[in-house]
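Shared between the two complexes below is chain A, which pairs with chain B and chain C, respectively.
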Partner chain A sequence: MTAIQLKNVSKTQGTFKLKNIDLSIERGFITGLIGENGAGKTSLIHLILGLKKPDAGDISLFGDHAVEAHREALLNRIGFVFAEDRFPEKMTVPQLKKILKRFYEDFNAPQFDHYIRKFKIREKQKFKDYSTGERMKLSLAIALSHNAELLVLDEPTSNLDPNFRIDLLEILQELMEDENMTILFSTHITSDLDSIADYIIMIDEGELVFHEEKDLLLEKYRKIKGPVEILDAQTEDLLTGIKKTTVGFEAISDEHRALEELYGSKILTEQLRIDELMHHLKKGKGV
Partner chain B sequence: MEVFKLNIKISNTLDVPIYEQVKDEIIRLIMSGELGPGDALPSMRRLAKDLGISIITTKRAYQDLEGAGYVHSVVGKGTYVSEQNTELQKERILNEIEGHIEAMLLASRQINLSREELDEMISIIEEDMK
Partner chain C sequence: MDKHFYLKLVYSKWTLIFTAIVIVLNLASALLLDPGTAGLMPVLNLANVFIVLYLTANYMNVHVLMTYNKSHEFFMALPVNKKEFIRTDYIFHIFMTLLSILVIFTFSLVHDGFHHLFGMIMITGVNLLIASLYYTFFAAEWFKNVNIMVALYLVPMGFTFMFYYMPMLNLLGADLSMIPQWEFILYTLPYFVLAAGILTFAVTYFTAQRQAARSDVI
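Let's turn to the complex of A and B:
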């Protein structure tokens, strides 16, 4: 079952272009969207949510292709958090709650109150006095309080302190105990995804670099360390991003088994982190 | 809600894939008798949450365990430890260990490694693995 599907979607905005994006995001899993700042993560999310219209291609949410026309009904089923959410400056939590009740069919007020308390959001302060982190927490409380079946989070952790980030990741995993829940999570703090993401989508300069199971990616690519002496033309063919220092070389390879057979204990293979993989694949040609 | 107590430890720094660590830990629990036939395993999603790992990772571990006959799943209910022929399983693992020891002794002979040196190596490696 697919939660989000994009077929050959393109969008030009000024000098930036999203090019022929094909994506199918499965229901029931956590998908991480990675890429540098300006790679097109936010544009992609805006298109998915029907906040922008694609120049070409087809987008469907929960199998519904008329995302723009049905936006209001669809947004009831989606919780979203943007890096720069704006709230009316003079408003407070109780006033916002009244609006949310009208806007969301399934607004769950006790749940909302629960998260307001849990996130230690100040109820009587006007939103203009909120810090960026507090606004982010408020967005999250809203996203989590109307029985959404899809959560779309754009850089939710970038303005959060590390403690709250860990709490958030735990909350996301709790939500995933419901197998109909889907989470799309864009971030440049890729360590958020090292553990909990099921799939990773990487975009670079408006193009899809890969969309893969995280486990498969991390199994395929390994970091290789070894002595510089073993580097000959053939070995270098199996390696990319070779860095030589006085203590040996470090590189990335998708042929770590062959290298282990050739050099055994002379080399050390290690798991990559997602940020290392991202850095590597950005320079290369994708998976 | 049922409370599961699974004594599972996984490490993110080991070069052993997480799904394999999960699988090995559950096999260890079955072998040691901490998990008996008919015992329910936590749902994949619950275990993923409790271990702070992805759902696909636990799914893969459960699939492998099922493929190897350690557990079985009942549609709509969950995953349960299967009736094990524990003796047979132990036999199988003992055989495997014998094979490794043979290979180890053959290799030691090539460089005239003494029994004491070999024992010492085992202790060091054992210490490293802790």
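Let's turn to the complex of A and C:
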């Protein structure tokens, strides 16, 4: 069953366009959403949360296509974290808690208190006095405190200290023990996804580049290193994002087996990291 | 609906506290003070004007406060039905309008003058017309440019005070048979404005809800 489905979704905002996005995010998995700043990750999240309306196409959440009509019920099942905090600056945790209790049907106050203590968030302080990391922790505490089935996290780790980042990734992994939980995790710290993501979605300049299972993706693509002399038109066709240096070239390829047969020990094939894959695919587009 | 109402109450806390203070002062002045010796009067007059302005513009004020630090993005990502948000806004505005009527009523007890009644009718009518126009824009744009839209309120409301309330005070006791158009402007026009205000407010209640569901929230 799908948690999020987008069919041919387009949205124009000023000069930026999100173009014909087709996505199907399965329930029970962590999906990483990657792309450069301005690629369209946040716009996509705003569409999913119903903060923006698509110009064309269809969005369904938990199989429900009437997202606008059932917005309230659907958002009760979704926890979110924005890249930047959007808290009312003059409020404190107890005041916000009163509001959240009214807004979420299934708000779990003891769980919220538990996360407030666990994340060491200052309850009596106004939000304007919070550090960026503290605000992010508060966002996470809210997202984790109303028994959401889907977490939509927009750059949740970007302002966190390394220790808390690791704690958060552990919390997310614990949450995934519930097989109904789904997480969409947008980030540019792709190393976070190396350890936890099941699927990776990459978007670039408003277009979907790929949506694949992470392990298959990293199996499919390999980093290729070799001497520049072997680069002819035919070889270059098998490579993506070629970077030439004085000592040789570096690229990625989904035809690494063919290249190994062709060039044997002249080339070196290595396992890719997600950030390297993103970098070479972007370079391969000639941008 | 109660959650939206609660949120608006949170953001209207100070307006409501000052309204309660002004109503109490109005009643106390009417019951206890000798109007001839009350040095408090100029202050009380000013407080009444300000609180009526705040009450009738409260819906905009709540929206402006919600946009600080872009916190409307947070609130609108909570389980919110857009139509219900607009519906509660309309109900809350009626509630605040009734409070403004109560303020003017208690003020008229201090100053005992029937002209305040006409002023109240005119202000309520203009207030409903402005709110109707505001919500027509708000439903399409949501929180974008809410600060600019406040001008929508200030200009016509300022005109009402300057070209209706003030002339009415100045022409009090004048022989209006000499200037018959003032008779119409001062004592008939308010009813037309109020009727137009109620009608447009009722119509835009439905159109704004429909439009709001079709528009981007941020």
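One rule holds in what follows: the second predicted complex is superposed on the first by the 246 of 287 C-alpha atoms of A that agree within 3 Å, B and C clash if a C-alpha of one lies under 4 Å from a C-alpha of the other, contacts with A are read in each partner's own complex, and residues count from 1 in each chain.
The criterion applied here is as follows: a residue touches a chain if its C-beta (ideal position, glycine included) is under 8 Å from a C-beta of that chain, and two chains touch if they have at least 3 such contacts.
It should be emphasised that the depicted structure is a prediction, and the values quoted were computed from it without experimental measurement.
A.B. asks: Could you tell me if A:Phe80 is touching chain B, chain C, both of them or neither one (first, second, both, neither)?
C.D. replies: In the superposed model, A:Phe80 contacts chain C only, not chain B.
A.B. asks: With both complexes overlaid on chain A, does A:Gln125 touch chain B (first), chain C (second), both or neither?
C.D. replies: neither
A.B. asks: Touch test for A:Asn8: chain B only (first), chain C only (second), both, or neither?
C.D. replies: It touches nothing on chain B or chain C.
A.B. asks: Please indicate which partner A:Glu174 is in contact with in the superposed arrangement: first for chain B, second for chain C, both, or neither.
C.D. replies: After superposition on chain A, A:Glu174 lies in contact with chain B alone.
A.B. asks: Could you look at A:Ser191 and tell me whether it touches chain B, chain C, both or neither (first, second, both, neither)?
C.D. replies: A:Ser191: touches no partner chain.
A.B. asks: Give one of first, second, both or neither to describe whether A:Lys214 is in contact with chain B, with chain C, with both, or with none.
C.D. replies: It touches chain B, and chain C stays clear.
A.B. asks: Once bound in the complex, which stretches of chain C touch chain A?
C.D. replies: 2-3, 6-7, 10, 66, 68-74, 76-82, 84, 213-218
A.B. asks: Can you name the residues of chain A that touch chain B in the complex?
C.D. replies: Against chain B, chain A makes touches at 28-30, 169-170, 173-174, 176-179, 194-199, 213-215, 218-219, 269-271.
A.B. asks: Which stretch or stretches of chain A touch chain C in the complex?
C.D. replies: Answer in residue numbers: 46, 49-53, 68, 71-76, 80, 82, 84-89, 95, 98-100, 102-105, 128.
A.B. asks: What residues of chain B sit close enough to touch chain A in their complex?
C.D. replies: Per the touch definition, chain B meets chain A at residues 12-13, 15, 17-19, 43, 45-46, 48-49, 52-57, 60.
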